[in-house]
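Next up, some structures in structure tokens.
One chain, chain A, links the two complexes that follow: it is found with chain B in the first and with chain C in the second.
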Partner chain A sequence: MTEEFIRPDGRGRKVLRNLTVEVGVLDRADGSSRVHLGKNIAMATVFGPREMHPKHAAQSDRAVMRVNYRMATFSVDDYKRPFPSRREKEISKVLSEAYDSVVLTGNWPRSVIDVHVELFQSDGGTRTAAAIAITAALADAGLPMRDLTGGIASGLYEDHVCLDLTGHEDMKGEGDMPILYSPALDEVSLFQLDGKFTFDQFKEAFYTSIDGVKEIVEIIKGALKDKYLSVREEYGVDDSDDDEEEVQAHLETTEEPEVIDEGREIDIEEIDLSTSSFVVGTVKPVTEEAKTQEPPAPAAAAVEEVTEPEAEEIVESIHVDDFEKEESSEPEEVASEADDEVLVDFKEDDEISSTWFAKPGAELKPMPANETVDDEDETENVMRDIEYTMEDEE
Partner chain B sequence: MSDFEYIVNSIEKNHIVNLLDSDRRLDGRRKNDIRDIKIETNIIDKANGSAIVQIGQTKVIAGVKAQFGTPWSDQPKKGSLFIGFETTPLSAPEYRAGPPQPDAIELARVTDRLIRESGVVDLEKLCIIEGEKVWQLNIDIYALDDFGNLFDAAALGAFAALATTKLPDIQIVDGEVEKLETSSPLGLTNFPISITTYKINEELLVDAELREEQISDARITFGLTEDHIVSGQKGGSGAFKSEEIIDILRNSIKLASEVRAKVSEQIPDLTFAGE
Partner chain C sequence: MTLLIEDDSIVVPGELIAEGEYERGSGVVQEGDKFYASMVGVFFIKDDNLRVRPLKGRYIPKVGDKVIGFIKDVNLTSWIVNMRGPYDGVLLASNAIKGRFDPIKDDARRIYDVGDVVLAEVVSFDRTRDPMLSTNFPRLGKLSGGRVLEVSPNHIPRVIGKKGAMVNMIKNATNSKITVSQNGRIWIETEKKEDQDKVIEVIRRITREAHTSGLTDRIQAYLNEN
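Then we have the complex of A and B:
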């Protein structure tokens, strides 16, 4: 395993793709964001907290996080069929659970926070791009969170542990492990893995991702600060009291995200098994007495319990037709499941011509006002369609 | 969840956590104990392979059906694999009939990753005519009794069913494939085990039973072969510390080899290709 390994797109092993995050990009939503991670383009919106519909899915002690992850039909090489695939349903579920642990949902019992995240272009690592967008959108909506969570995948490509695999690397590689991590809490809120990792590769990939996330969270913070600065500029707030220099210094540092040092050594601390929570000092087997002291299990409660499946059902919008279609065209399904959709063409990709998806900082041609409006309408339609589908199911 | 259930759950959770604090559990196990595993194979004659797997009271049935299919265009030499899971209404009062819910989809996909990535089945051996005809294996798992930890049960079910799978012998006459009366075992190439660890407050335990699973904050499943980590999935609305994950993985690797030994005893004629 050499540090000099150069990947197909010219990156070193532990270098992120270009990441840009913008917040407040859509107007109707309570919070919104747009993320470019390499060729991935993700947009997220947040609605809520708002009244839970249907009511039986509400939780009496907290708000339900309902993340809806979707990919646009044109986001992959082949046409992606428009109804949610098994892959999308699974990712929606794990993302919902991940943000459940991050957002202070206990503040709004019986309500729901709807998060919609749509991938308009995909190239490996879509769920982590989606997660970055969700975190930014939640923060933009002003929802209190325990930490800013970032997501990134590390995987194996030609048996090298690499950060942030592209679609090509993911398809050809030997494994992929996306995580969501909250640096200030040291908590992993999403973890998935597929491939063939040895224990050492696993540890290296895991800590590589954690370092990657720290980088990402700084970029998200930058995007959030930028929004507030631009609002101040727009409305001409009297900022004579504020420290101009600090603001300027901040702007300078956030415009160019630092590149991760390729040659960095990972500090993997050997973990002493004796500190493991599995190992308990004194072990007392349960005696018969102890057993009889247990209260009887409330069986009735268990029977009546409205558990997650019911709540999730609405989010995931399953049509019986969908299901049947999925079954009948199984081969396609499995193919797209094997990994994130892949764009094999990995030329440098700064050719996004639309103003709408342009990365910030790129030279934008001024467009006539009405054209921009058209574009926005189209995208809003996409969002509206998703809403419609969801309502239909309900 | 109604207010009543919320309160009952909180009380029950306190009780379970108090027990865990002294390494005890509702059913008398310790935190790191896995319930007894029972496997019964070849129970469905119509299926190419089948098994009923029981972990404690949790019970699943798995069957393999093999049929001819066409290979993917990018993998003309490989057969295909499809794994389905259904939390049937048989298994618990909260499951309803209908298309798979997100929980079941997640279970199917995690089991799929385990079986696929571990390379239990050498897909190239399923090729009949390159680019034209291959065996397509459909492995479907149905929950019979959900007493917690369906993840590990489903993985064992899929493996046990595959281990007993026999494919009809074939002959190719003028490019036509004919099935013969005889059949031969599939021949496996790996032995993956799934270990799921649950987190309740700050306590970690493996193989949760129903009540523990219902009140758990998070769970993490690792799929392990003898020398590799092949699948992983975190679930639940809690989170794990980064060191916890490494700890859990170490512990899971140790447990997996114990489970592997126990399971081997219960699957008759368990042979691996090349043995």
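Then we have the complex of A and C:
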């Protein structure tokens, strides 16, 4: 009996509205999509991963998913006030959390993935239309996800469990239950329920939704594949494996002198200090020879001579007793030791942590510590800094 | 051991690629003994190693990469470099000039100023710190003149071609200087403006048809026509 129930728009109980998904509709966004679900029109744009603003909101171990769900002022029959309403903020929040579990955010710590989803027209089930758009846009942006997530609502209309309620059915009906579901993982990432369901109704609604989602995900897959297959069919399949090593080799062996000012040729000597706004008084630029012969440059030594007596004077004037002196000197030693430790541990630390980023099989290159044979390299600078601090302590 | 997807086909996230004892490469997630694609891309298998090459995506720094960056900010002894990704590069003065840099005497703006374009190398990067850059290697430093074109970093191998075949072909055909960097920026300098437009048009075409076969031949024909 219930199978023959016909809904106001002529659909059966377990039939979706027309769904079309288009991807890559905007050029400036990293990923974008437009979704028509019945009379709903949703457009999602993805930016990122990019730098987090405000900085304090960043997570040190993963990227933050930030979904911004908005309805246009003209999206409803009446005029909708342009400010984010309580409902919009809530949907933004639950969608952020739902997608946080699907997108592999651990790949980019300290950054943010911004998703903006705008509803241009609404007719019930906007959050599920928004979710479909977000999934398509995230995949279009090339972000790694565990699965494509689809969303759909089932609800009660005249005591019948119906899939994908329209605005009218939602208003007249007794309940509404939107879910976001990932078919390959078999995971529900969002579940909301509004109204009263019996347990049997709930079970039926839940499995109806899951079947609906499977259908939706196939449509999203089709849209994503179409975008690239259309170009491919015209020219055939790419037979070249991109060899990253080859690319690297090419970049290293290009002979053409393409760079105008090479870094190593820029020398302090060449810089005209007379007009520099940073210069206080006249200071002779350190010459190349002086630098290479004596690691602590003469000019730097001169500065030391000036500063040291001053420091002593200050110490005398405030009459610091020996005990305090000892105490003040201790942290310095500790600090220098700590510095040494950092220097020693750096490589190890670097290797461990950079495995997070390395693709499996990719070779890790440590800091060019001893590799560079050319004149001054980093380690030398570091060594000189240590000598420098030791002299200071003496 | 069952492979469910053909080599070289386009996959989408959540698509089951294979079941059994395979090796998981980049762009693939593993749940038990099932392997799923994690991004939109082209699937490759090589000695049981499953890999998905992405078709889109942001640049993620890697040690040893050559990048073209824009100087975003100048500090007393360092520069902040926009590298087109989620992380800004830090170029320390000691990594940029030959001698010792003294902030009291030297002005960092005289070496690189805001808006300058630099070709640099990533010397260190891990997940806790921003990437460190260096211009203290041969052929690195400031680029002046020319234009910078941005393409997806994933299309860079196509722009370069096998052993630089593609980029060398474009260089010879248009008599231009081209520097390709791994963060998806391409610096182009030509004597005539028409050549520059031609190079840009060719690169746009490469990125559009990046995942198709016989690309080099088609671009060659295109260059000969015009």
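Convention: the second predicted complex is superposed on the first by the 228 of 394 C-alpha atoms of A that agree within 3 Å, B and C clash if a C-alpha of one lies under 4 Å from a C-alpha of the other, contacts with A are read in each partner's own complex, and residues count from 1 in each chain.
Keep in mind that, in the parts below, a residue touches a chain if its C-beta (ideal position, glycine included) is under 8 Å from a C-beta of that chain, and two chains touch if they have at least 3 such contacts.
If you're wondering where the values come from, they're calculated on a predicted model, not measured in any experiment.
**Q** Mind telling me which of the two, chain B or chain C, contacts the most residues of chain A?
**A** Larger number of chain A residues touched: C.
**Q** Which holds for A:48: it touches chain B only (first), chain C only (second), both, or neither?
**A** A:48 sits against chain C, while chain B stays out of touch.
**Q** So, A:197: does it touch chain B (first), chain C (second), both, or neither?
**A** So A:197 only meets chain B here.
**Q** Can A:185 be said to touch chain B (first), chain C (second), both, or neither?
**A** Both partners, chain B and chain C.
**Q** Kindly classify A:104 by the partners it touches after superposition: chain B alone (first), chain C alone (second), both, or neither?
**A** second
**Q** Of the partners chain B and chain C, which touch A:30 in the superposed model: first, second, both, neither?
**A** second
**Q** Have a look at where A:72 lands relative to chain B and chain C in the superposition and call it first, second, both or neither.
**A** After superposition on chain A, A:72 lies in contact with neither partner.
**Q** Which chain A residues come up in both lists, the one for chain B and the one for chain C?
**A** Residues 60-61, 182, 185, 271, 273, 276-278, 280, 283, 285-286, 291, 297, 303, which sit in both footprints.
**Q** Note which residues of chain B are touching chain A in the complex, please.
**A** Where chain B meets chain A, its residues are 1-6, 8-9, 11-12, 15, 22-26, 28, 30-32, 69-70, 72, 74, 80-82, 87, 93-95, 98-103, 105-106, 108-109, 112-113, 116-118, 202-204, 210-211, 214, 218, 220, 222, 225, 227-247, 249-251, 253.
**Q** Given the complex with chain B, which residues does chain A contribute to the contact?
**A** That would be residues 59-61, 65, 86-87, 89-90, 92-94, 97-98, 100-102, 175, 177, 181-182, 185-199, 202-203, 206-207, 210, 271, 273, 276-278, 280, 282-286, 290-291, 294-295, 297-298, 301-310, 312-313, 315-316, 318-320, 322-323, 330-331, 334-335, 337-338 of chain A.
**Q** Okay, in this complex, where on chain A does chain C touch?
**A** That would be residues 30-31, 48-51, 60-61, 63, 104, 107-111, 139-148, 182-185, 217, 220-221, 224-225, 228-229, 231-232, 234-244, 246-251, 254, 256-269, 271-273, 276-280, 283, 285-286, 288, 291, 297, 299-300, 303, 349-350, 353-354, 356-362, 364-368, 372, 375-378, 381 of chain A.
**Q** Would you tell me which residues of chain C are touching chain A in their complex?
**A** That would be residues 8, 10, 12-16, 23-27, 29, 31, 36, 38-42, 44, 46, 49, 53-58, 60, 62-64, 66, 85-88, 94-107, 110-111, 119, 123-128, 134-145, 154, 156-158, 160, 162-164, 167, 171, 177-182, 187, 208-215, 218 of chain C.
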